[in-house]
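In order of appearance the chains are A, B, C, D and E, and numbering begins at 1 in each one.
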Amino acid sequence: MSALLLGIAWGIAAVLAIAGGAVIGVWWERKVAGHIQLRYGPLQIGPAGSLQMLADVPKLLFKEDIVPSAADKPLFKWAPLMVFAPVAASLAVIPFAAGWAPLDTSVGVLFFLAVPSLEVVAILVAAWSQRNTLAAIGGLRAASQMIAYEVPRALSVLPLVLLAGSLRPTAVLGAWQWWWMPLLSIGFIVYLIASIAEMNRGPFDLPEAESELVAGYFADYSGMRWAIFMMAEYGAMIAASLFAAATFLGGGWPFGGALGTAAIVLKAALLITVIMWVRWTFPRVRQDQLLRFCWTVLVPAALVQLVVVGVVLPWM
Amino acid sequence: MDVKRARPAVPPSVSGDAEDRMGLVKGAASLAKGLGITLKAGVSRPLTVRYPQQKVAVSPRWRGPLALRGVLGRDDIPLLKSASHAYNELIDGLYRSDRLPPCVGNCPANVDARGQAFLIADNRVAEAYELVRDRNILPGVLGRICHHPCETACKRNFYDEPVAIRPLHRFAYEEYRKIRHERISPLPRTQGKSVCVVGSGPSGLAAAYDLLKLGYRVVMYERERKPGGALNTGVPAYRLPRDVLYEEIGDIVGLGLELNTGVEVGKDVPLVELIREHDAVLLAVGLQQSRILPIPGTDAEGVVGALEFLWSANFKHEAGVRGKRVLVIGGGNVAVDVARCALRVGASEVKLACLESESEMPCHPWEIAEALDEGVVALCSLGPEEVLVRHGQVAGMRMRSCLSVFDETGRFAPKFGDETTDVPADVIVFAIGQAPKIDALVAGTELLVSGRGQLVVDGTLFTTSVPGVFACGEIVTGPGSAIGSIATGHEAATSIHRYLQGLPLDGDRVARPVPVYPKHAPADITNVEANRRRAVMPMADPEERASDFRQVELGLTRQEAMAEAMRCLRCESEVCVGCTFCARTCPDYAIKVERVDEAGARCLTRYDYDLSKCCYCGLCAEQCPTKALQHTGQYELSFWHRDLMVFDKGEMLRPPTGTRATGRDGVSPPGCPVPRREEP
Amino acid sequence: MRIEELRERVCAMYPDLCPLFSIEFGDGSIAVPLERVHSAAADLKDMGFDRLGMVTAVDRGDEFEIVYRLQSRDLRAAMFLKAAVPKNDPVVPSMCDLWPAAEWQEREVFDLFGIVFDGHPDLRRILLPEDWSGHPLRKDYADDRIVRRPDYI
Amino acid sequence: MATIEDIAEFLDKAPGGGILLTTVDAVMNWSRGKSLWTFPMGTACCAMEFIAASFSRFDFDRHGTIPRPDPRHCDVMVVAGTITHKMAPAVKRIYEQMPEPKWVVAMGNCAVSGGIFYYDTYSVVRGVDEFLPVDVYIAGCPPRPEALQDAILQLRKKIASESISPRRRRPVASELPQPSDPRKGDLEEQPLARSKATAGGPDV
Amino acid sequence: MRTEELTLNLGPSHPSTHGVCRLVVRLDGEVVTHVEPVIGHLHRGIEKMAENRTYLQVVPLTDRLDYVGSMYANWAYCRAVERLAGIRVPERAEYLRVIVCELQRIASHMMGIGSSAADTGATSAFLYAFAQRDLVIDLFEALCGARLTYNYVRPGGVAFDLPEGWVEQCRSFVAQHPSAMLEIDELFFGNVIARARLKGIGVLDADTAVAWGVSGPSARGSGVDWDLRRDDPYSVYPRFDFDVVVGSNGDAYDRARVRLWECIESCRIIEQALDQLEPGPVMAEGLPRLLAPRPGDAYDHIESARGSLGVYLVSDGSVRPYRMKVRSPAFCNLAVLPLIATGHTLSDLLVILGSLDPVFGEVDR
């Protein structure tokens, strides 16, 4: 019973955190994109436009909620939450402080890798329920892409687990040494790239490619339902960045306690910024190139990392 | 982005490297480079102009919505009125601000033809006459004989036909003579100095008029018994009835001019005495001698100069050519005058021979056309070679064909061919130009005379070698037009005024600008509405008129003249006259113009401009003759309703300040359509 | 190549059509009977006119005039090929087999003038909607959607 | 999910809801006005200026206005360019795809009235207000990017006067006065300068 | 396994169709098996309207043809009118025309390159290119008071002379432009992803390009060494030293990159033109208000940013053209799209469309 209560409490906290994160993230993305593009981005509401989302959110909340007449209505209506839930859940295993994670389970790493993969199902549901050609293509693209990139993503986390000898994120963080950073650099880059692909962001934003599929798998969603998709996307970015910050980058290192948590958030924010920077710099790859890149570059690279760690491990 | 001069060579192939795929390392490097470029941009200053707090400086040529500066019925045009010695500054100022109407600019004396048309259309004819007389001292005369450069430059040439400015002068005079007695009274003499003018031709009269208005005492001497100079002796009466000339000069006398006719300076009165007696002397004696070519046979009986011929034709109506064949040598206006006079004094056959080809003839085309109408025969491209003499009497002229008159540089250098023709004639009149005859005049003074018998005069200040003695008119400029002589008279008067006031003669004096106006191809008037056409000057019948000295041009009726005055576009006045050419030029037909034409109450009643059809091409404003229609620099043009986008006259006249956004005054209630505001 | 040379070469090829070769405004132009337009075009293509720059038509009142603009890179020359098309039966052989560039341009002429191109692979309207009636560039085209401009110049 | 209509209905009925409604309206209108996402219905020249308005020099994003390619996410349709009879059904359909509340800005004279393509052409719709309820008209051919930004600022003013309550709502498309005469923008055709001049006087 | 083709309708208002083009695509998976561009959504009947406008009034209409490069249509039209009416254009006007048209080429290519980049998702490169375009637009605004629809080139010359300080402004633009171009080259064309996306896509060989009437950068990308500025020289182009940029592979990459290098060549031309510019009149003298050329027909063409833009004018001696036909390069270039896009994926289809750089104002007229 208490676990259920805890779960509900965590759920609410995660939704709020993701919502807050997404609000800040969207603003930050608009600012980053703006400055990269030699302009300002939001400027009017709040300092440097930081409260722009305060205007956007109520507006989206009370937009007309269009359900296309041809759509499969129940699926159409619930798909956003299905996308959102795994992302919210995955946040639970991230060690926000040394030795503490909201859900400190012994299979935390596995949980983190596995649960967001459920998103694929949700996206497929969303895409198919609309009966929209563009959305369908977007959904298909998303499915193939996400499933493919699961592999390098998982492989890239494996060395961490090997080094730490545990699947428990807090344990990984506990065992973390600074020299892991150079040692795991290939794995980290593979993880980052695979995560970007997982969260459908540029240069791997094929499923929602604006210039091709208009909006991809959420083409027919409006108002708040669409906002939930966006929140999920930002949530995934936040989760992936937090996880990387908490594991690859050594969590709070070199600080401890509350300062450490701040360091984790800061590192995650930095990663998020890098992801945005990449997004606004590169062109988009094509579907076949995306998959080829996955199998011919990322997976071998992750395997190389694994071998390197395997070689190093006995010497520890 | 840094401004550095990079001139990369074009690569042999734009395709780049031969292999399509980059290696992993090169690929990663290219990605890093890309990230570097975006990072650099990310930390550099944004290019954004933060509208609405900051605004981009809009180009001064920005073609925003149109606005009117002024409209007929609300705004008057400025009349070019000024003291004569300050007139140049007025013209120069207009010229510099690009507000000089072409008719004014192209006139040597800068007569305000635009103002004249404005006043006549307003039924203020006497005022119009006086406005014109300030510059063109003899409007009635010039209204008959002027070669009207104003009409040549008139902007209406571009649209259809020029405004009949010269006939309007004449019309104004006809109206004015009815009330002349009310308006002429001697001017006060405020200066206490006196000026003597020798010669009563147009230039002398112009100077005298200016000086009288400035308050000087002016004494004028004329050799002939009647005043007018060349206007009196040279211009045939069928073009200029003498009573008009005497009347207008009489007006100037009425203003205080002391005119002494029948007194030849140099013979009856020595010039030295005049110089001593007066504070300044102005020589305006004109050219008094006809030139005769130095070819064999010119001493034979029957060879005459044009001036002598015209003199006798004008005053005696008899030049000894009755029933004879007359050959006029020359292609200028004087030659045409001679030819036409010869017809009138009874010549049996008049031929006109000139060097130039038909298209090159220096006389005005309408003159030769009228002459041909009357029966004159023109022999073009013929050069005189020898006068054929039989028994001491002229029998004809041997002419040699002329191939070209001017060389490549435009200098007078006739080339002759081999062919010769003999033209039989009983009288040969040379009308090839005039020369000054001033030996008797300058005798006893220190005035310098050049080797060719010409007075030495400064061409811009009109001073001679003796201080206090000035000269103007054709002795300065050479043969020219009456209005050109008048212009020199005004200049000389200004010089005299400055001299008498002890001011430096050149100093801050402004020279009148000589604008160059674009030549217009004759407009195609085949499809032009009848009411846009120029009033046609009624002419006497050619058969009838060729026999006597009555006037050929019959003058406009009052109605015609008023209508003609309304045709004036009031160029450069920034007051819209409703000429409708903007509406006609608009490729979108976004403009509608209406106007009421009632003398004294002319008014632009409607100017509707549909902002929503306008394509901002600028064609209308470019060709607006008045420059009243101008683009504003506005660009914030949001409206609540489409009907608000039709600007009426009132809206067009609103000063282009502030924003026009959201329609009138920017405060329309949102949400509901706003009905179109009625015109006040 | 200068136009005079071009005229000589065309005249050598078609002595009977030589009088129909005119030079106007610096451009050569040959008018041929409609039934010969395709063969003339083929011959001109063999002569070196490798580009079909433009296909258009002019409504001359009682008949159409079909105008081809041929260009040659090798000869550095260009010329018009024209033919009169009767209005009651406007059928013109298609040039698609010579220059594929004709495909869309002929569709456009069909769309706007209603001239039918015989042998065109896909003759449909291209600019106007499929259900449009009439051919607007004909001088007698009437459409109550058109608002006439005020008639003054 | 409670829709805005439910809330409005509740507030309309609830005692004291009027004051609350005003507050909610103020918040909603502020939020909507500051977050106007645009659908660039760009067809011709004006689309270039629309792009310019969103790019570096003019930066629409400062006003919280971003162009979205998907009509479902947009609040304002900016019709930028000439609309032909062939295009009009697509425009109308895209408008219908947008969720309420939605606004239309007619950018440029072609969208306002056909502009330069008003006379003598057979294929141009004379103004999008023939089939869409237009809120703000921007004159210009094309208007400057600032003019578009100004129009968005003006639209905010208009939004500020709206209400979520059906009773206070602005008239929706079907309630707006329909253009009875599609040529209403045209000045009635009259001879070019109706001159009341004295007999024989020239027109010009 | 039995598969079924998917028919997809893109447009007419689609972010990457560069205007209003509808593409009816049949897809086998992601591979395009058939594509049919449906054009005419912007067909405004300009050719019909021209028959109802005087010769001068047509100039603003030509502005709206190719709204990315208004100067070209102005110029091509004016050349046809001048040929028809026998007007001699003052030399300074010819220089000004060359300068503005080369600037226009830069502005237009910035749009072309930028939208190629945007099609592949590299939005920032688009904005950098657009920032360069803004500078050109500023020059145009200072010169003729409009940002897009210039109405600058007129029959007989150009509408306005240069304002004060313009030459310096133009020189400083030309001086910085090549380095900015190189940066965009590095950012986009040097990028491994962009190369992978553009290379080998939509290959058009030279012979096909000629047979289909493809011209301009789109043909030069295929190795068709043909540029009217050099090969059918008009105006004062023979006086300038410049290279014609030619690609070799005929793929989307070459087509787009030819544009980039053409901008640098345009800078060379502008610099030379500014050096040779002499004072003088900018409008032929003595033009009547209403031109009425003698009856006949004339064609003239110029090299626009999209290819050879020709105007065919028929006069019946009245003040209005009897018929005006615009030979629009974008229309002819677009016709090859089905040919070169078939067999590529959906993503590539839009890249290929973008690499042809159509402007639908000109395609549809």
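In this text, a contact is a pair of C-beta atoms (placed from the backbone, for glycine too) under 8 Å apart; a residue touches a chain by one contact, two chains touch by 3 or more.
Keep in mind that this is a model prediction, so the values were computed, not measured.
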| item | value |
| --- | --- |
| Chain labels contacting subunit D and also subunit E | A, B, C |
| Relative to subunit B, chain with the most remote C-alpha centre | A |
| Chain pair showing more contacts of the two, B-E and A-D | B-E |
| Centre-most chain [mean C-alpha coordinates] | E |
| Subunit C-subunit D separation of Cα centroids, rounded to whole Å | 44 |
| Where subunit B and subunit D are represented by their mean Cα positions, the distance between them in whole Å | 54 |
| Centroid spacing, where centroids are CA-atom means, of subunit A and subunit C in whole angstrom | 61 |
| Length of the line joining the C-alpha centres of subunit C and subunit E, rounded to whole Å | 24 |
| Numbers and ranges of subunit E residues touching at least 2 other chains | 14-15, 40, 43, 45, 48, 52-53, 60-61, 124, 127-128, 131, 134, 149, 187-188, 191, 193, 196, 290, 319 |
| Touching two or more other chains - residues of subunit A | 34, 36-40, 43, 210-211, 214, 280-282 |
| Touching two or more other chains - residues of subunit D | 55-57, 59, 62, 69, 86, 116, 118-123, 141, 144, 186, 192 |
| Those chain pairs that satisfy the touch definition | A-B, A-D, A-E, B-C, B-D, B-E, C-D, C-E, D-E |
| Subunit D - residues contacting subunit E, complex | 41-45, 47-49, 51-52, 55-57, 69, 81-82, 84, 86-87, 90-91, 94, 116-117, 119-124, 141-142, 144 |
| Contacting residues of subunit E [partner subunit C, same complex] | 39-40, 43, 45, 47-48, 52, 54, 83-84, 208, 210-213, 226, 231-232, 290, 296-299, 301, 308, 310, 312, 314, 319, 322-323, 325, 327, 331-332, 334-335, 364-365 |
| Complex interface listing, subunit B residues touching subunit A | 24, 31, 34-35, 37-39, 41-44, 46-48, 50 |
| Subunit E-facing residues of subunit B, complex | 1-8, 10-11, 13-16, 20-22, 26-28, 30-31, 33-34, 37-38, 41, 47, 58-63, 158-159, 518-524, 527, 585-588, 615-619, 622-623, 631 |
| List of subunit A residues in touch with subunit D within their complex | 30, 34, 37-45, 49, 52, 54-59, 62-66, 210-211, 214-215, 219-224, 226 |
